[in-house]
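Shared between the two complexes below is chain A, which has chain B as its partner in the first and chain C in the second.
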Partner chain A sequence: MSTLASGGFWAFVFVVAGIYTIFALGLQLQFGFAGLLNFGQVAFMAIGAYTMAILVAKEGWSMWLAAPLSVGAAALGGLLLGLPTLRLRADYFAIVTIAFSEILRYVATNDDALTGGAQGTINLRGTGVAAQYDAQWQRFQAHVQSFLGLHSRDAAMLVLVWGVAVVLLSLTWIAIRTPWGRTLRAIREDEDVAASLGKNVFAYKLQVLAVGAAFAGIAGLFYAWEFSFFSPDDFEPLVTFFAWMIVLLGGLGRVWSVPVGAILFGVIFAGTRFFNFVPFSYFGSADRAYLRLMVIGLIIILTVVLRPQGILGKRQEMVLE
Partner chain B sequence: MPAILEFAEVVRAFGGLRAVDGATFEVAPGSITALIGPNGAGKTTVFNCATGTLRPDSGRVVFEGKRLDRKPPHRIAREGLVRTFQTARPLTRLSVRENVMLGAKDQPGERLTGWLWRPQAARGREALVRRRADELLELVRLDALAGAYAGTLSGGQRKLLDLARALMVEPKLMLLDEPMAGVSPPLRLELLNHITTLRADGVTFLIVEHDLDFVMQVADVVVVMNEGRVIAQGSPEEVRRNEHVVDAYLGKRHEAVAS
Partner chain C sequence: MFWQLVANGLVTGSVLAVGAAGVSVVYAILRLVNFAYGDFMAFGALIAYWFQGPLHLSMVVATLLAMLATAVLSVALDVALWRPLRARRAGFMSLFLASIGLALVLRQALLLVAGPAPRFYSVNPYRVFVIGSVRLAEAQVIAIAAAAVAIVLVGLFLSRTTAGRVMRAMADDRSLAAVSGIAVSRAIRLTWIVSGLLAGLAGVLAGLVEYSFDPNFGFQLLLPIFAAVVLGGIGSVYGALLGGLVLGVAMELSTWSGFAGGVNPTYKPVVAFVVLTLALLIRPQGFFGRARLA
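== the complex of A and B ==
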């Protein structure tokens, strides 16, 4: 159990939690505040990560140009997905979003020339050359580390991820309290009523889908930088459901519930590695990796049954009709 | 005086059923016009063609000289033609006050770029919106509940909230879908008073209603539909005496009561 006491391990858990905070915040904005049933959030994370990696490793762009452009690409992905589909009923929209994320993953797996294919970003410049996209980021991270006098790279990453997360959380918190946010919440409650009061429901949904997608794109950038390598397998639909777990666990329709849910998720996700006692020790270590998914599924079910409002949600909001 | 709202040969079919089959009638400005008819007469379909919920297959709906029948619901509301729903539909997890404030027009803070780049303008407008919302809540006597979740209101209070919220849009014409459905006698009187007061202030009403006592009491003009067409229109007295109407609607009802 010595890993549990190591700073590196906990730094990793909290970096993952920070990335998932940004990622799930996009979903909270879309579903928790505007009622959009998005099951394809991971697609926008993939767009953010891949656009940056391709522009830097293949095209030789500066990271400082590629990164904002990648976030823009994720937002544009949200607009393109929303334009033909947002007029669908909620349940049909949900199906389309999951299909969209799977289509993107299959394209990334098979279009070797564009994405490096199934072998991932190492293959971005063709076989035989180990492609790298994060040299500039590593230097930046080292600068931040020495500037802040931190003892490790991990600590610098922690500061950067959570710095961005707190800015986005604060912006969202403010946004929800503006008349714009009020209109979103009205659309969540009853979009026919919002339309009958002169609100352009379609335009609001489109905006919120694009903004949430941009958040996922930012999460994708940090994901790419944290792991220095990724492949299409990193963007399975499961990742979207991790975000759903975070949002449900923390509480729907709340901003600061997202980091709470994300930290809990990070602990559960990393903590299930230590299930090496009875009865879990009856399983081989490979099988045990899947236990974490079962545990996460169980937590979602228990949350919905026992505490539908999540940790920070308001019970009263769950029973209003 | 020219009509404020005009339906001209409106046709709307669902599959083989022509729910509205060439309906033509007018709503005079400042009037309370009631739309009645037996179940399945096409009243609700006509209503939905005016609110933008449905598009007519042919014919025109004209409001203040402008065609409405190709516009989406939110544009129609912004033109000043505001609807309510048959069952009150509060936005349950918003406060009562927020429900009303939502109806405000010209709030720059409602745009994503508006609150980001012109927060001052948004805040300034918001203060006015809030004041107006509180006035309207006082009017319908919900001011004491302004901060409560709208979902905690009783059925009657929900009806009044719907009315206040619609008034926030500054309607020129209000479309009421069965305002008296499931309403208690005291509330009925209250709603009736609001409608007549608002009319005196210049608001026009088009009301779809099953409650004939209410219609005869409040309406200036009654339009009667049957099988997708307008079969009669006129003052409540004229309509009451019209034998087509008696045949199609009132007659059956009277027989049913007599037997």
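== the complex of A and C ==
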């Protein structure tokens, strides 16, 4: 059977797209609406995923308590990063944020006692015990499945991820139409003007950084639950670049462009692993991995050069300078 | 132990300094934070490997050819990518993002062609120089010497030659330089050549002192190099030298047991990032001189 006809394949593509929609929406809020050049977004995904996994697997907390706390931890990470760095020039802010995400990844790789180290979450309770953090989630997912009468667990995950994604997209859509959102866009266009009108530019930037970080934390939770295991290598700067590709390709300064970019990303990222027809069948799995990232790099370049407003972006609203 | 760590730090720092000088020149003249620079370095390192290994050329010739090849790559990419973006008057963000895309494309292309296996230059690792209590391998001594020569040459080129003065004028004010009748496109090509030569050299030196390297290693060096650029002040090659050396010594000394027990060596890159962050917070204009090109 061709992969394209398999329901499980498409469920996986769309679950990945849903997780990345939430993740990239945070970046859209920060960059597309407030102009913050955040290149450390993956750090907040890592904080969300690790906080939940540590609290559940090591401390024995309930998932329902650990999950919201993890999102809070990601938001707090955004505040702590923003406090000293938001006054920096845009280029320096970009470099410091990526350095921040790398510092966290190095700590997660080397501090075995806290995170399980390079072996990942399976090592959370030390060697000899296979630690696991998602038993409660699996039960919840099974409940949702039987409640909705779905035929597979994947379908239940799909409903859950996209349910949360649509709620967050809608909230963002509303938020940018409030005075708060208009102020953000004013800051993006010219922060001196916003400041001269009495707006506390720094506070607004800090808020949007924290909210975007919280979104990344939520994406981290779903990432952890979908894959049942993760390690520091899952949070390389590359993941941040994926979010940038999604936001750029979909279109800057728009809310519903994010899922469009994320679905295209999902097809490239997840789809090309399983395409078993020509021309994909010419390449081995390692070469496919290289080609996949090459395509993502090319999409970033071509979007910047040929269509800086993205697929759905409006030139009048925001175009990459 | 202390002096050995300082010496090791000078070796690491020399490599960072050469890379930082190359990043710095492009940053100052083209306002481009070149995220693909680490992959230019990996490209240079692999080209030198190919000339030295399969083609049996001497290390010096292989290095020079690798530098040349990296410069050619830099100029070719300017024609294919950066010139169209300049023509569109693309701003800092577009350039930054395009360079991230380019970094991905370049690195994956290297992986596709050369594979992920670690490579080694065939140099004798047992020739060791002993100075007091410090022991340095031949490759380490060569790295320090080559870095010092390269930086001084670039510094003299920028301060003493007409072409160098043109580049500095561009760094100060591009439109003023253009209306003064300076051939802007030639100066830009020169900038890429200088930056490419330095990238090739930095890649080979990094491959020499780290003993083994793969196509991913350039990217891992990139953030410490950015740290050295910022520390030294953007556009200053001597600043890049100082920034690189300070950072290299700081990274190595952080593991010294006399220094509060020393940090775990695996945290050396973290030390670089922390120094970078502190440097930016305390003196965003860099520690050595204001932003200028000399």
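Everything that follows uses one rule, which is that the second predicted complex is superposed on the first by the 302 of 321 C-alpha atoms of A that agree within 3 Å, B and C clash if a C-alpha of one lies under 4 Å from a C-alpha of the other, contacts with A are read in each partner's own complex, and residues count from 1 in each chain.
Going forward, a residue touches a chain if its C-beta (ideal position, glycine included) is under 8 Å from a C-beta of that chain, and two chains touch if they have at least 3 such contacts.
Since we're looking at a predicted model, the values are computed, not measured.
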{"item": "Three-chain arrangement built on chain A, chain B and chain C clash or fit", "value": "fit"}
{"item": "Partner chain(s) touched by A:Val201 [first = chain B, second = chain C, both, neither]", "value": "first"}
{"item": "Which superposed partner A:Leu320 touches (first chain B, second chain C, both, neither)", "value": "both"}
{"item": "Contacts of A:Ile98 with chain B and chain C, given as first, second, both or neither", "value": "second"}
{"item": "Chain C versus chain B, contacts on chain A by residue", "value": "C"}
{"item": "Partner chain(s) touched by A:Ala53 [first = chain B, second = chain C, both, neither]", "value": "neither"}
{"item": "Which of chain B and chain C A:Val304 touches, first, second, both or neither", "value": "second"}
{"item": "Which superposed partner A:Ala214 touches (first chain B, second chain C, both, neither)", "value": "neither"}
{"item": "Chain B versus chain C as contact partner of A:Ala90, first or second or both or neither", "value": "second"}
{"item": "Smallest separation of CA atoms, chain C relative to chain B, angstrom", "value": "11"}
{"item": "Set of chain A residues, in rising order, touched by both chain B and chain C", "value": "320-321"}
{"item": "Chain B-facing residues of chain A, complex", "value": "175, 178-180, 182-183, 185-186, 188-190, 192-201, 207, 211, 253, 316-317, 320-321"}
{"item": "Chain C - residues contacting chain A, complex", "value": "33, 81, 84-85, 88, 90-94, 96-98, 100-105, 107-109, 111-112, 116, 223, 226-227, 230, 264, 266-267, 269-270, 273-274, 276-277, 280-281, 284"}
{"item": "Chain A - residues contacting chain C, complex", "value": "37, 84-85, 88-92, 94-96, 98-100, 102-103, 106-107, 109-110, 238, 241, 244, 248, 286-287, 290-291, 293-294, 296-301, 304-305, 308, 320-321"}
{"item": "Chain B to chain A touching residues, read off their complex", "value": "51, 53, 72-75, 77-78, 82-85, 89, 91-94, 98, 101-105, 107, 109-112, 114-115, 122, 126, 129, 149, 151-152, 165-166, 168-169"}
